[in-house]
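In what follows, chain A forms one complex with chain B and a second complex with chain C.
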Partner chain A sequence: METLETIKNLTMTQWSFYAVSVLTLFGALGTILSKNPIHSVIYLIMTFFSLSAHYVLLNAQFLAAVNIVVYAGAIMVLFLFVVMFLNIKDEAPELDNNKIVIGASIVGGTIGVILVAAIRLTESQKIDPSTYQIKTGFIETLGQLLYSKYLLPFELVSVLFLIAMSGAVMLGRKEKGERNF
Partner chain B sequence: MDSVFLIKSLIILGIFALSLGIAAYETYFERVIAAFIQDRVGPDRAGPFGLLQPLADAGKLFFKEDFIPTLADKWLFILGPSLAMLTALMTSAVIPFGDSILYDGHEILVQGIEVNIGILWVFGVVSLGVYGILIGGWASNNKYSLYGAIRAASQNISYELAMGLSIIAVLMMSGSLSLRTIVEEQHGMNWNVFYQPLGFIIFLTCSFAECNRTPFDLPESENELVAGYHTEYGSMKLGLFLFSEYVNMFISSAVIATLFFGGFNYPGMDWVYSALTSKMGEVTGHNLATLVGTLVFFGKIAFFIFVYMWVRWTLPRFRYDQLMDLGWKGLIPLAVVNMIITAAAELSNQPLLVNWIGLGVFIALLYAGSALMKSKKTSV
Partner chain C sequence: MENQLPAMPDVIAQVPLNNYVLLASILFIIGIAGVLIRRNAIIMLMSIELMLNAVNLLLVAFSSYRSDPNGQIFVFFIMAVAAAEVAVGLAIIVMIYRNIRSIDISLLDKLRG
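Moving on to the complex of A and B:
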């Protein structure tokens, strides 16, 4: 009876939180359980999407949009792109192997239990809704922080990206005498 | 509060219905313009001037046999066109179609939602647009469909970069990601296109590529790939793919008008506003002025839709390597240069002047550089 009462008293935000969480978990489970790699990738895209919805619920709209643009929009397209070139029917991985499944579930379950225990043990600060700055997750606040307090790490990350980019160019460069398709 | 909610819902419903209706009539006008350019008659059988042609097309598509190829992935085959249509319709949520409606002391914005990340939302949804084509093409279990899908994906990713870089220049000028703020900055005739001529050209080119329109319609180039990603599609599934292209065209025209051509701003809008408010009273005048702004905005959208069609029936298709060269070696460096010029212009006190001077200097340097390169080559 008590659970029924709690369900009745849920606010709109809580309802959307639970709906989005169910979607996220469904997507995450689909990613690891589906046999077809393409289906896995599509489930993963769904997971990223519902994670973005979580960000919106936390009023971090910029993070949500960037998550969609970068992860769901760019990285997963490349994933899908590569997976589509593989010939799946010939190289169906032997996932029926029970040993792998049992081992993976034991490891995953243990890590899950440890995570839950750790989160319960940490004393996280409760946020007071009355004094909470509603603009915390907004892009203006984020920009101010990135260009003042975290300026050096931010600039270093851009150098890292530059190095990664030139590395990719190096790897993709044609060797001398290599066939030009 | 309830009536405010009702008006807001009506606005959202209206935007949704309008984007579908305009997309339907785009198919008609595409044929009319094609006929005009090629000196033909065009559709004139269904109704007066052929105006019922979109309905006839939709009826034909709905009543055709809907089949799924034997070895196709059934669910993904259905998901492809649905995703294409969904992502096409999602963007219109953040576009400001007009100023605001005054009702009962409340100010209701003529816009789906006003968020402070508007342009990023547009950009995110655009980057998702490729999934419909990619999934549909792969699920068809056909070589040509897959080639079309792969081409679409690489084309979209390549042109998104230049598009994003040209948007950054606009964002530097307005200092906000909200589309409404960007529009309000361009009050009257203070449109961004005068500050950003190069950025506008880059954005227009990239939006052609993102909509898979000629000259960038390589994903469906019928002389190489049969029909590209929708080779195996028939009936209304094909209809959804084609229709989503037209919705995309409408939305990208709206985004171009918003970013570069002042959205619902037009020269002399203050005069119209004061004349209307003094004649009709504060509330009615304001609402009528909003209506005029919205109509102007739709006029701009119609113009850009016309440009899309004009280009389609004028230019031939690119070759694939030319497309990639243009995207990576042409537009991205240009967009970076444009960004640097805009940054310099924003730091100076005369953004308009410095922007044009910067562009002039850049073009002069480019010309001199190419002349120098040419003389070197001939001497060797």
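Moving on to the complex of A and C:
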């Protein structure tokens, strides 16, 4: 009965937090458990959209937009393209192998217990509304920081992209003597 | 316009930070389990993306609760590095597929002594 009372007393914001969290975890579980890789990609896109909803709830609108553009827009299209390009048959024999699943559950469960035990020992401090900055996640705050304090890392990211691009091109090129099909 | 902004987002006043920490931990553990149970290289790469996103969520939550924009800049950089990583990772997977006609990583045991 008490849990029912608690559920009834949830505010709108708390409802949206729990609904989006359930959606996130459902998408994550679907990603690792579905047999067809295409379904995995679709579930992962769902997870990324619900993570963007979390960012909006946390008042980080810039990152919510970047998350959709970069992850759902660019990275997942790349994944989908490769899955379709390789034409993988939808079979996942490893999911029927109980030994692997039990071992993975034990490892995951152990890490989970350690994390939860550590989190329970911590105490989060109260937020003071008088010193709170509402504009933290706004694009002007982040832009000013990005182009002053973090200017060098920001420029180095472009070098990283250049190297990644040339690396991907080099890896994707067909080499002499390689098997054709 | 400036006066219409609320003092702080509703989530921060009504949802404890520990809920976000727990959610990110569960997401990270699902990613670890995915890397361990799947033998398909593409799905393993997607599980790694899940773990990266769990860390991103945690960084955004802490940054937002403490109203410190530095954490969100870090998330921005993590996203950039993840994009580069996926490009190279998928190129490697395509190369593996061209060579052995499969992306099952249990077939790649040539280094075993």
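One rule holds in what follows: the second predicted complex is superposed on the first by the 149 of 181 C-alpha atoms of A that agree within 3 Å, B and C clash if a C-alpha of one lies under 4 Å from a C-alpha of the other, contacts with A are read in each partner's own complex, and residues count from 1 in each chain.
What we mean here is this: contacts are C-beta pairs under 8 Å (C-beta built on N, C-alpha and C of every residue); 3 or more make two chains touch, one makes a residue touch a chain.
Just so it is clear, the structure is predicted and the values come from calculations on it, not from any experiment.
Asker: Of the two partners chain B and chain C, which one touches more residues belonging to chain A?
Answerer: C
Asker: Figure out whether A:50 sits in contact with chain B (first) or chain C (second), or with both, or with neither.
Answerer: So A:50 meets neither chain B nor chain C here.
Asker: If you stack the two complexes on chain A, which partner ends up touching A:132: first (chain B), second (chain C), both, or neither?
Answerer: Touch partner of A:132: chain C, not chain B.
Asker: May I ask you to decide whether A:74 touches chain B, chain C, both, or neither, giving the answer as first, second, both or neither?
Answerer: In the superposition, A:74 touches chain B and chain C alike.
Asker: Looking at A:31, would you say it contacts chain B, chain C, both, or neither? Reply first, second, both or neither.
Answerer: In the superposition, A:31 contacts chain C only.
Asker: Going by the contact rule set out at the top, does A:84 touch chain B (first), chain C (second), both, or neither?
Answerer: In the superposed model, A:84 contacts chain B only, not chain C.
Asker: May I ask you to decide whether A:66 touches chain B, chain C, both, or neither, giving the answer as first, second, both or neither?
Answerer: Both partners, chain B and chain C.
Asker: Taking the superposition on A as described, I'd like to know which of chain B and chain C A:58 touches: first, second, both or neither.
Answerer: In the superposed model, A:58 contacts chain C only, not chain B.
Asker: What residues on chain A does chain C touch that chain B touches too?
Answerer: In chain A, positions 62, 66, 74, 78, 85 sit in both the chain B and chain C interfaces.
Asker: Which residues, counting only chain B, touch chain A once they are in their complex?
Answerer: Where chain B meets chain A, its residues are 73, 76, 79, 115-117, 120-121, 123-125, 127-128, 130-131, 134-135, 138, 146, 149-150, 153-154, 156-157, 160, 177.
Asker: State the interface residues of chain A toward chain C in the complex, per the touch definition above.
Answerer: Contact set of chain A toward chain C: 11-14, 17, 21, 24-25, 28-29, 31-32, 37, 40-41, 44, 47-48, 51, 54-55, 57-60, 62-63, 66-67, 70-71, 74-75, 78-79, 82-83, 85-86, 88, 92-95, 100-101, 103-105, 107-108, 111-112, 115-116, 119, 122, 124, 127, 129, 131-137, 141-142, 145-146, 150, 153, 157, 160-161, 163-165, 167-169, 171-172, 174, 178-179, 181.
Asker: Going by the contact rule at the top, pick out the chain C residues touching chain A in the complex.
Answerer: So the residues of chain C in touch with chain A come to 5-19, 21-23, 25-34, 36-40, 42-43, 45-47, 49-50, 53, 56-57, 60-61, 63-70, 72-73, 75-77, 79-88, 90-95, 97-99, 101, 103.
Asker: Show me the residue ranges of chain A that touch chain B in the complex, using the header's touch definition.
Answerer: 36, 38-39, 42, 45, 61-62, 65-66, 68-69, 72-74, 77-78, 80-81, 84-85, 138-140
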